[in-house]
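Heads up, the next two complexes both have chain A, just with different partners, chain B and then chain C.
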Partner chain A sequence: MDVGMITKAILILGGVGFILGAVLAIASRIFHVEVDLKVEFIRGVLPGANCGACGYPGCDGLAEAIAKGEALPSACVAGGTEVAKQVAAVMGIEVKEPKVAKKALVRCGGGKGEVSHRYVYDGELDCQMAQQVSRGPSLCSYGCLGLGSCVVACPFGAIIMGEDELPHINWKKCRGCGVCVDACPRGIIALVPENQEIHVLCRSHDKGKAVRSVCKKGCIGCKACEKVCEFDAVHIVDNLAVIDHEKCTNCKKCLEKCPTGCISNLIITHHLHK
Partner chain B sequence: MVKRFNYQGGFILAGVFGKLKTLKKGMMFPDKYDFLKSQLGKKPIEEASLSEEVVIPLSQHIGAPCKPLVEVKQRVLVGQKIGDSNGFVSAPVHSSVSGEIKAIEPRLIFTGDKVLSVIIAPDGKQEVAGFNGLSEEEIVCPDKVRAVVRESGIVGLGGAAFPTHVKLTPPKDKPVKDVIVNGCECEPFIAGDHRNMLENAESIIDGLRIILQTIGAEKGYIAIETNKIDALHHISNLVSSEKNIKVVPLNAKYPQGAEKQLIQVVLGREVPSGCIPCEVGALVQNVGTTIAISKAIREGKPLFERVLSVTGSGINEPKNLRVKIGTSVSHLIKECGGFKGEPGKVVFGGPMTGFALFDLSVPVVKGTSGIVVFKKGTASISDPRGCIRCGRCVQVCPINIMPNFIGQYVEAGMIDNAESSGVMDCIECGVCAYVCPAQRPLIQFMRYAKSKIVANRKKGGK
Partner chain C sequence: MQRLFLIFLAAFLINNILLIRFIGLCPFFGVSSRFETSVGMSMAVVFVMTLATLVCWGVWNFLLDPLGVGEFLYIPAFILVIASLVQFVEMVIRKVSPTLFKAMGIFLPLITTNCAVLAAATESVKPGFWKLSLEYNYGLGEALIYTIGIALGFSMVIIMFAAMRERIEIAPIPRSFKGFPIAFIAAGLSSLAFLGFKGLFGI
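Up next is the complex of A and B:
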């Protein structure tokens, strides 16, 4: 091949590239748009999962709102105190002492082997879709369906499906954004304060006998916890034990009394592991 | 005889040459289904026997659930009111048997919910509470007719169970001019409406007259598909002297019996998206409802029994039965000779829009049009694959939405796009899923999108 031809090609293509580059450079100067650098910085600090827990359309929307002063630096739910501090540094303001972070909790203990099914569900693997076929295959009409809509919904990969067919939430990864709370058609997942150790892992409002007949781990409303509690923190409301987190001192007395084991200490259960 | 032959032949010829009205889209079922349906249409309605226990749910209709008016161990009579509510969109329920009330507790119904029900042990005497119909002078008063219709607990017997007195109270600024009696029964297998049209035709026409008078409508239509040629002929003969009632023969097609589709076919007016039929000045009533209205007004008889078909490939003797509300499905299957072979699927309602049952103890309610049992093997378990973009669902969809795209939007979690594609107008007739060669669960996708959109709207409302 001719050397001259190659040089010619390089010269022509190089020349065209140079001219276009110059035009673009001039254009970018002439048509320059003022960008608030704060937005860029804040956007860089935010987690970038676009979970929507703050109520703004994604992390970009929140960054703009913070820069304009419409939202507080601590508005990012998923980011927690770390992100709030960094955002506040960008904005040049102080953040108040943070509240206790909230984490997602699966309030059902009726996994594989605990709850039986009333029919074989053969459709799409999505809890909401199973729920609309005769209100779900599980005999307990309050418990987990175990098809993992929350696993798919979690933007931080904090939920995995365990072998017991219950979702397990890794609290180290969970940022408390609440996307899984909305994804669950039965409202089993809730956001709870991180420092609260004792929880009732059941949502069934059925009477004790009915609960016993479908699930080994359900709350039967026997009031043993209510009687043993010294701080008036546990009450049976509509056949279900409810713990008042303001009054609870994590003394674990109710935990020992509970005959079905539906009151759980999270430090020792699977929810904190992995 | 010769004249009659020509008459029938006329309908058939008109159908063949496309003179009859019919749905533009939708679909026709294979001939074998039509054969089963016409076979069942030849069997007269039989009285079903009483079961040992009658379970009457207190919420059998769209609207506010009823509160029990009776107590445990009380004796009730046939037609006695046992539940009522104060809501306008609601209908009372009546006892279908005479006997003692065993319990009032939540029981499983066909949707899978547990609903507060009155459980009665029939004593077999069937003592009737005194009924009084309206006199000729009172029938002219619309308010009295509406009150009797509400008191008799009449709801739409086609399947949706919408309280009828609400339908008979159109808004004042939107007068209803045309009333259509829906005798299409376009679902395959079932033939209860067909038999009703043959055996209770006088009541249908009488009920239609009462409706026309009550709401001040001008014209009544009775829409019947040509696959029920005997019913078409029978009713045509009966109304030949009536000036303002017309029989409309239609070519058979599914889902022609859906309310908005029927208005479009018969009157040529399209009900706008998200509106009710009175928007275009029309009202549709099922033939069963029309009979119930006539019986309630003339005899004062409340709605405590209905005609339904127990049929399908998995049943020994398919029958049309007059069933007391609250009879369990398992009793009706026994009544029809039990299962033929091993049952594969029991569907509560018509085979296209019904609910598959997992428990045969559920009771028959006011909106039950049939029970269809499929043999094991004939009920296929779907094996969904990806959309192959053949567009068959778009060709058949009666409301002109694109189920293929909506299904893909739902799979991708794009609910907003599904909403803008018109998923809220879906009538869940099931033709898209029926024709899909990739066996995609399109109706499940549609329902999913609808439930998500409704949840989002509620959230936004707060």
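Up next is the complex of A and C:
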């Protein structure tokens, strides 16, 4: 190797690099742009799960929108009151106590032993896949498939699969972002007000006899709850009991009357199931 | 004129940088999942490739070649020049036009040292690097036409592919094929289709 050539190459490349570096350094001074520190701070406060429940592209998008004033400090659904307060503190404004937080609820009681199957599904553990094989292994075409797509989807690790092959949502971890709602191919999971205790844990619109034949826990549309309710809060719509959360006072009378036990007290079904 | 047209066509269709030569795969699969991002990326690529070729042509013809170090120094020198250039342009755009920066600013760092940009610059500037059955020693004009051809070929394919992937996204495909696997299969099939351009006008 020619030493002169090597020196020449080093000098040329070094010289070019030095000049370009100097130009860039000067340019960064001349073309300096103020970055909004608020965005950085707000981004630090947000949960950072990028669940998208706020409607913005990830936590970065929301942080920018809040800093610009396009979104409210309480816009983060997953963060709830705590994050809203912290964001408001960064923005220097007071935040009103937001309305009751929403939590995800699995509206199906047809776990292991309760519901019959028409075939044994031995494929990939994914509800969407199972649903595509003759519309799912379970005889109830409305109930939980029990393969845990919601468990995988949850960005906060709040859902675990119970021994009864139903997903259980830990409401202490659930932030109500609604990702699991979209993950369920049968639309079983819904966001419900946190302070609502009584729920119908069935989605079957089949007639009573058909429900009885496939599931022990399903709503048979017997209207017992409708008759016992003093507040006109429960109605049978298309063979399924529906509770109006505005009118329900959590008096639990329907709970006692329900013959199949598909109306459930959340304190029992969820909070103890951890 | 005919030569310019042939150079453009060769770079644009027949030796398409993405589908025939498979250079620059990371942006091809990375940003082609949505139509808007692929349009932004294409704009940035056309812009950066043209600028890079312009500057590299100068570096080669006035610095590297006369000093006789071009043969072994062209890759580091071109990378250095292109990276600094893109950084500089990014700063300027950020200051001068926030709107334009929003549209393509985030893609600029992505292609700073992208292989596709380096390939386009090297091929159009350095003589005898890649033969297209054409005599190869480009002047500045021809080099620019060639690189614009490559950049537009890149844009056409990435935009077309984004449109395809948006439809694939909602198609009922098995889960194991979702995302990149089906994208690679689609890219392979498109590549086969592009092979049909070989021999067009005898190039």
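A few comments on the model shown:
One rule holds for everything that comes next: the second predicted complex is superposed on the first by the 237 of 274 C-alpha atoms of A that agree within 3 Å, B and C clash if a C-alpha of one lies under 4 Å from a C-alpha of the other, contacts with A are read in each partner's own complex, and residues count from 1 in each chain.
Convention: a contact is a pair of C-beta atoms (placed from the backbone, for glycine too) under 8 Å apart; a residue touches a chain by one contact, two chains touch by 3 or more.
Predicted, not measured: the structure shown is a model, and the values here were computed from it.
Applying the stated contact rule after C-alpha superposition, one finds that A:Gln128 touches each of chain B and chain C. By the touch criterion defined above, A:Val237 reaches neither chain B nor chain C. When the shared chain is aligned, chain C comes close enough to touch A:Val23, but chain B does not. Annotation for chain A, partner touching more residues between chain B and chain C: C. Residue contacts after overlaying the shared chain place A:Val3 against neither chain B nor chain C. Residue contacts after overlaying the shared chain place A:Phe31 against chain C, while chain B stays out of touching range. Contacts of A:Ser141 after superposition on the shared chain: chain B is touched, whereas chain C is not.
On chain A, the surface touched by chain B in one complex and the surface touched by chain C in the other have residues 124, 126, 128-129, 132 in common. Interface residues of chain B, counted against chain A in their complex, comprise 111-114, 355-356, 358-359, 381-382, 384, 441, 444-445, 447-448, 451-452. Chain C makes touch with chain A in their complex at residues 59, 63-64, 67, 69, 72-73, 76-77, 80-81, 84, 87-88, 91-92, 94-96, 172, 174-176. Contacts from chain A toward chain C in the complex involve residues 5, 8-9, 12-13, 16-17, 20-21, 23-24, 27-28, 30-33, 124, 126, 128-129, 132.
The touching residues of chain A, when paired with chain B in their complex, are 118-119, 122-124, 126, 128-129, 132-136, 141.
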